[in-house]
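Contents: one structure, followed by commentary.
A, B, C and D are the chain letters, set down in written order, and residue numbers restart from 1 in every chain.
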Amino acid sequence: MYDYNGLNEECGVFGIWDHSEAAQLTYMGLHSLQHRGQEGAGIVCSNGDEFVNERGLGLLTDAINKVKMNRLQGYNYAIGHVRYATSGNKGIENIQPFLYHFYDMSVSVCHNGNLINAQSLRQDLERQGAIFHSSSDTEVIMHLIRRSKKETFEEALKESLKIIKGGFTFAILTKDALYGAVDPNAIRPLVVGQMSTGAYIIASETCAIDVLGAKFVRDIHAGEYVVINDDGIRVESYTDQTTTAISAMEYIYFARPDSTIAGKNVHAVRKASGKRLAKESPVDTADMVIGVPNSSLSAASGYAEEIKLPYEMGLVKNQYVARTFIQPTQELREQGVRTKLSPVKDIVQGKNIVLVDDSIVRGTTSKRIVRMLKEAGAMEVHVRIASPEFMFPSFYGIDVSTTAELISAHKTPEEISEHIGADSVAYLSVEGLIESIGLDVDAPYKGLCVESFTGDYPAGLYDYETDYKASLSPKQKAYLNEHKQYFDSEGNYNV
Amino acid sequence: MYDYNGLNEECGVFGIWDHSEAAQLTYMGLHSLQHRGQEGAGIVCSNGDEFVNERGLGLLTDAINKVKMNRLQGYNYAIGHVRYATSGNKGIENIQPFLYHFYDMSVSVCHNGNLINAQSLRQDLERQGAIFHSSSDTEVIMHLIRRSKKETFEEALKESLKIIKGGFTFAILTKDALYGAVDPNAIRPLVVGQMSTGAYIIASETCAIDVLGAKFVRDIHAGEYVVINDDGIRVESYTDQTTTAISAMEYIYFARPDSTIAGKNVHAVRKASGKRLAKESPVDTADMVIGVPNSSLSAASGYAEEIKLPYEMGLVKNQYVARTFIQPTQELREQGVRTKLSPVKDIVQGKNIVLVDDSIVRGTTSKRIVRMLKEAGAMEVHVRIASPEFMFPSFYGIDVSTTAELISAHKTPEEISEHIGADSVAYLSVEGLIESIGLDVDAPYKGLCVESFTGDYPAGLYDYETDYKASLSPKQKAYLNEHKQYFDSEGNYNV
Amino acid sequence: MYDYNGLNEECGVFGIWDHSEAAQLTYMGLHSLQHRGQEGAGIVCSNGDEFVNERGLGLLTDAINKVKMNRLQGYNYAIGHVRYATSGNKGIENIQPFLYHFYDMSVSVCHNGNLINAQSLRQDLERQGAIFHSSSDTEVIMHLIRRSKKETFEEALKESLKIIKGGFTFAILTKDALYGAVDPNAIRPLVVGQMSTGAYIIASETCAIDVLGAKFVRDIHAGEYVVINDDGIRVESYTDQTTTAISAMEYIYFARPDSTIAGKNVHAVRKASGKRLAKESPVDTADMVIGVPNSSLSAASGYAEEIKLPYEMGLVKNQYVARTFIQPTQELREQGVRTKLSPVKDIVQGKNIVLVDDSIVRGTTSKRIVRMLKEAGAMEVHVRIASPEFMFPSFYGIDVSTTAELISAHKTPEEISEHIGADSVAYLSVEGLIESIGLDVDAPYKGLCVESFTGDYPAGLYDYETDYKASLSPKQKAYLNEHKQYFDSEGNYNV
Amino acid sequence: MYDYNGLNEECGVFGIWDHSEAAQLTYMGLHSLQHRGQEGAGIVCSNGDEFVNERGLGLLTDAINKVKMNRLQGYNYAIGHVRYATSGNKGIENIQPFLYHFYDMSVSVCHNGNLINAQSLRQDLERQGAIFHSSSDTEVIMHLIRRSKKETFEEALKESLKIIKGGFTFAILTKDALYGAVDPNAIRPLVVGQMSTGAYIIASETCAIDVLGAKFVRDIHAGEYVVINDDGIRVESYTDQTTTAISAMEYIYFARPDSTIAGKNVHAVRKASGKRLAKESPVDTADMVIGVPNSSLSAASGYAEEIKLPYEMGLVKNQYVARTFIQPTQELREQGVRTKLSPVKDIVQGKNIVLVDDSIVRGTTSKRIVRMLKEAGAMEVHVRIASPEFMFPSFYGIDVSTTAELISAHKTPEEISEHIGADSVAYLSVEGLIESIGLDVDAPYKGLCVESFTGDYPAGLYDYETDYKASLSPKQKAYLNEHKQYFDSEGNYNV
């Protein structure tokens, strides 16, 4: 999967407490999280009294230019956000962090993931007179906090976190503290680091800790929140109804290869999954292994090493592609014009190829790549996917929430192979994925959230339940009948 | 070499004749050549009568936005340019293609490379009353053409091409034809392709032909120019004093891995040079091979394959780095903050590493990377460079024109190893480089320009001669004394 | 008063129902109201289903460019706003109209004037969990409407209008209707017009009706609101506790000379006040009359006609001044550098001048003008102000809300004359003002709001009462003791 | 004439030598000259060594923002330009001042007016190999200077000034001096002023001297140039073939009312011409006099004073009109929508009006205004023009260069009255104009250039001669036959 037509993570969060260059470090932290969202970015800074806010559309460098950065100098506390916007709510008013000024305090909040009961909560709140100013889930928690009868902000936050459902992390800044919170399944990741100056940071991925030269302190676990203030750091639980289910997607596609999630390095996991895939589904006739840049290169090199074939650069990705607005017209496309990914003719010509990719979502990208390789002279193209069949929608922060768009919800690997024009298609097994990641948590799927491959939703379905059930395909139904489900539609773990 | 602190190619050119989507295709062709210049871009279109011009600073997508593209619709002929600007002349007035309107015709021209007698020509012309409007070499040829007494534009162009010296290619558009021209040594590359519609294109690299789905027609050779008009294509020579000397730098760093120069694929050359390097300078104690992303990954995988070690992703490059304006302050840098390149701690920790890079220019980048890896826990770091010692400045279109900045002009590999904190440093031999590229031209260095490694300048020195000779270091002098030089300071081949 | 250092009206509103060019007409209507606010502008359009919103900072032409206007095409209903922002809340989030999307409806609202109980209402609402997203008063009414238990939007609106206090007009757009509302004293103006197509419009001033070639239908009176929908137009009262008190400031400075308020043309009123001023305070020794451009030119020509002196252009205002960011430094100012207003040396040299201005607020501008004229060679400068002494702050939508800044709160005309370096200063009497305007309403001050001259606040003081009373100067206290006050601090009319 | 559909002056120039705030003062000087050109602006600064350049399209505040101004700080010498661009050459490359870097010196140059032999000079120069980079006349003089064989820059400048023909002023900056030059008829004005610091300035109008608090030093007369350097100021003649012929247009429309040209204040001239017009063409039945804002207000008040009628504001100009991009569609215009100028219904209704305007060029604007007034209820509208019939094109820097567009080239006042729907139309006589201005120079027309009213061209016709003569209308021919012409087509004064 080489572009944004496939899966999209919704957002990265970052926070820092008590560093004289808080804005600069937040900018750099967000820059390392840019792969988690390219459609908007924002930073809120505070010195305890005043809060300032800069944000914009597009990549971080477009959203927050030098002039805006200058306005953020001189503050010690900050949170920041990079955003992937699902269509329909791309306006500037949805760019986070949100900043709220009340008569008694100011609060800034940002969020990664998806709240699956947000729509019902929002309608309840509006019926009580609440006014929402964005279409973002993130506002819901602020309304819950402000309507709470609890005496302290922290108590109100705890109460509110119990009400919301789904996969999420929050970074929240008040004049008194920086808060981070993780959903009761730890579906979405959040980590704590510490600068050599003593300043604590929180971030969606460890790569943000590393680029700042900070040391890793700990993961925030399922159902926990962290409070960072002038007294130091304190981690608490807001619920004991937790079942760890870390998103396997983070390992497979979203996270940067240099990040480590729950103790497992992402590149190493990908390389291991490539090796496992080579064992499960070798190709005897192949001359070389190539990967789809950039996210599948680790898995491809693992596959090549295991099967002892040359690992070649048979596809080149234009490194400037992220920002181009121009797309070939249909007519030009038929003339063979493409801008993102190019096959290397001199490498692939006359060769039998194993093409390693991290996933097939709709099948359109795979089809295009296979055709491209064959047009460039490849003899055979055997597609090997370093994850299981993507059969079920995800509601926990990935932009694939309907069954209709998932080719694996409807077709077998053989049918897909024919559809995309490959010589064969094979997937990693669910078991193979779980073992390649190698968590050892006492929970279903060894602590992973693999809902997209199994239809087993650890945080339940809530507002999505009706539509989801109505849209199940024959293949999905058959799979669900044949496989044990650990979780019910409210996310209860039925042992 | 992973960033722009090292070597910089000066520009990429593109041209197309007679396609209804000329501007769109030029944009896409330039997009594939973006690696050759990120500081400005321009497109000039024509329909034979009218000429229109759009250009701007920065990456192509910033320089030419949708509104500007719309103004370029409806024209059949176009040339375009991406630009690397040496400091001091970054203004918009230097962005090419230049467009000239005369009482009798209009001409647009753009250029890749460096004219080494431009300053003396310019001064002569100004003494005769000529007015220059940019600081670019490119204007010189226009003045020569306009002052020529020849009867036709083509004759005037031929005459002018004989007067200029250096490494260069030109793309020139008049209402009657698209011209491309290459210097008498073919130092800088220019290729011709053809769309399925029949339309001809010219471009600095074959990757621009490939992304457009066009077929490769031919290279333009030393001292040749091509005329494309409604009668088709015609290649002529403007001089018979030619000695082929294709820039080895194109293979080593500049060109995209999917491009093919003089019949040799760039990725394949790099992989071969990595293999050759492993044979010439193996490391016995190593656990893995890593490459500096992105330009050294091919060589690193070749090295790993040859020496049968795992090829790992021990360094991650932020794919969004190209556009960020923000740099860590000195204080932050001391706290370990970095934004471009990150070591993957979990991969390199406790390991002995072979670090493959494509070059060492000033040594500062290498030093930073070695320190980064050691701070991340690497035990040993053995640096292997997939090209020879970069000992001499280049005047033919690379932004390294003084001896002082070249660490290899002054230090031995052992001294460099100490300087950058590595456990060892070794370079590919000149012989190894020439054989890895594998041209077989009957000319010195088998048809390559390897002046940066040998001090042997196939196009001579001209305006640079005095300063160059005065600045020679003891190490450079010693090298020159010990090695045969094929070319004199006017570029004559002294057999 | 020639610039923005003096008085500033807060905003102009516009609305149109059922015209195929609703956005275009709103733009033009706002353009004619630009003098009421230059710091931001916005337009919301609807077709009954969808609502779209464009807005920005600065003048209308900067705030809403062609691209934004194009996005507003194809909608039949619209409201728009030009804004004067008091310092501290100049952010884009405060630009109106606000647009709210609820689960059951969408509403857009914009506002002219000032709610004097907004702070206390806002704090009450926040205590009940309400979240505000701007610092604007305008949000308060939306919260009141949404929290109302009334069954229809119109009923909820009526209820909410009764709760808020001050001088205000609202334009509100829902999918069903366009609403306009006026405060219980009609302090701020709102008029209804009708296009030749039958479409109704509402606007802050009649000039917006005139530029659209529409015909004037009626004023909205104190305590009324208008509902415009597909059934036509209906005007209702939301309260019977009304006392007409139209802001005299609208006549004196804010409104365009071609506007007509409550049947009285603004230019004619100003010319009449200039004539009255000439009768009340003639200058025997004068050679000519000049006015401060642009707002005082009508009064000056009236003064000249009455006293039979030439009316000359002794001061020239740079017509491009509105947008310049550059101000002379103190050093340059001492060298005599000025950019906004220039004396015409050849006109004023050696002459005795009557300088007619519409007001003196802080005295700084008058001082500068008098000095300018004297430096240009004027012998005597007699300042005549075509309104009474500006002695009391205003809280109903004018940006002069503290006593400290009002020079007339502290100094007599003689002291002011000395302060500004004039040869004499005289003001129009309150009686003279009331008669020049010539309303004949059965209410105090014949239906005018003259609080700035009398300290008599027809809408009361509310949140401002404590600070206002604490800050009264000796001169203010003396005036209040000597003059009858018709209204108490809650705005009740005590006959 | 109230908008830009009529006459347009081409440009204003400014220069300053040796002031620590040179850029700031140039900006302010240009701001006061903004009425002379709104389509582009530029400033070039120097400290004797380095030259810096900032420029842009649109009004000065758009063309040169704060960031650009900051880059101009710290230089002591500057020239600047505001530009009116005739259609077809509106690109940024035509924005002046131009800045040229030669091997031996740098020169910056800007220009007001029009060179009537520019096309033939340019073609000659191009035949000799010259390359032009803009479509502006201004480049011609630079080529002439650089090709001159004279030894000094000043000598080369003198020689070049003799070769060019037309109405022009130049401001030129080198590292050694600031130069100003005026055409041999002084058609276009240029004045010298001096700051209290001693620094000299040059400018197109005295208003730029006045806003800077500088004192007027002198006019630059026909055929003179001024050299300002560290030795002070020196005025020389480059030719003795001079005949003073100051453009009457400057007094009638272009110049600011506070400017003084050749000792005559512009407002005073306009008021005098209004008085003279009242004597020449009174209206017996009128109730009031109104002027077309802004340029005709002085003349209207003069007319009113002379004829003892009230001077009223019957038309209001939107002061924000300069920048709006939006125009009513034809359909909206038919509904009566207008944005620039509004009639004041309450003033004009039922009245007989004298409408004073400064000119009728094409008649379209006058027609629109008369209709507007009648639609607003005016009974009679008598148009009185404070200048003679505009019968002949101008080639000396006014954007009216073809006969076809001039209504007075074809129609009598009576026909025009009918065409525009007025009750009568009358013009000031040529004699009346000359006496109202009141120069007393021993030259034809008392030293005025009145070519647009008489067809007598003091600087000749040159490149325009053929087209001009071919296009003469019967009315023009008849006029020329009946009136003595002082100048031949090469501008020789045939006494």
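Just a few scattered comments:
As a working rule, a residue touches a chain if its C-beta (ideal position, glycine included) is under 8 Å from a C-beta of that chain, and two chains touch if they have at least 3 such contacts.
None of the values given here were measured: they were computed from a predicted structure.
Using CA-based centroids throughout, the chain positioned farthest away from subunit D is A.
Note: centroid distance subunit A to subunit D, computed from Cα atoms, is 63 Å. Each chain gets one centre point, the mean of its Cα atoms, and the points for subunit C and subunit D are 37 Å apart. Listed for subunit D are no residues, as none touches two or more other chains.
Taken pairwise by the contact criterion, the protein chains form one closed cycle in which every chain touches exactly two others.
If you check each pair of chains against the touch rule, the ones that pass are A-B, A-C, B-D, C-D.
Of all residues in subunit B, only 92, 100-104, 122-123, 126, 128-133, 135, 139, 142-143, 146-147 touch subunit D in the complex they form.
If you check the complex, the residues on subunit C that touch subunit D are 21, 24-25, 27-28, 31-32, 34-35, 59-62, 65-66, 69, 195-197, 207, 210-214, 256-258, 260, 265, 267-268, 271, 294, 297-298, 301, 305, 310-313, 316, 318-320, 322-326, 328-329, 331-332, 335-339, 342-347.
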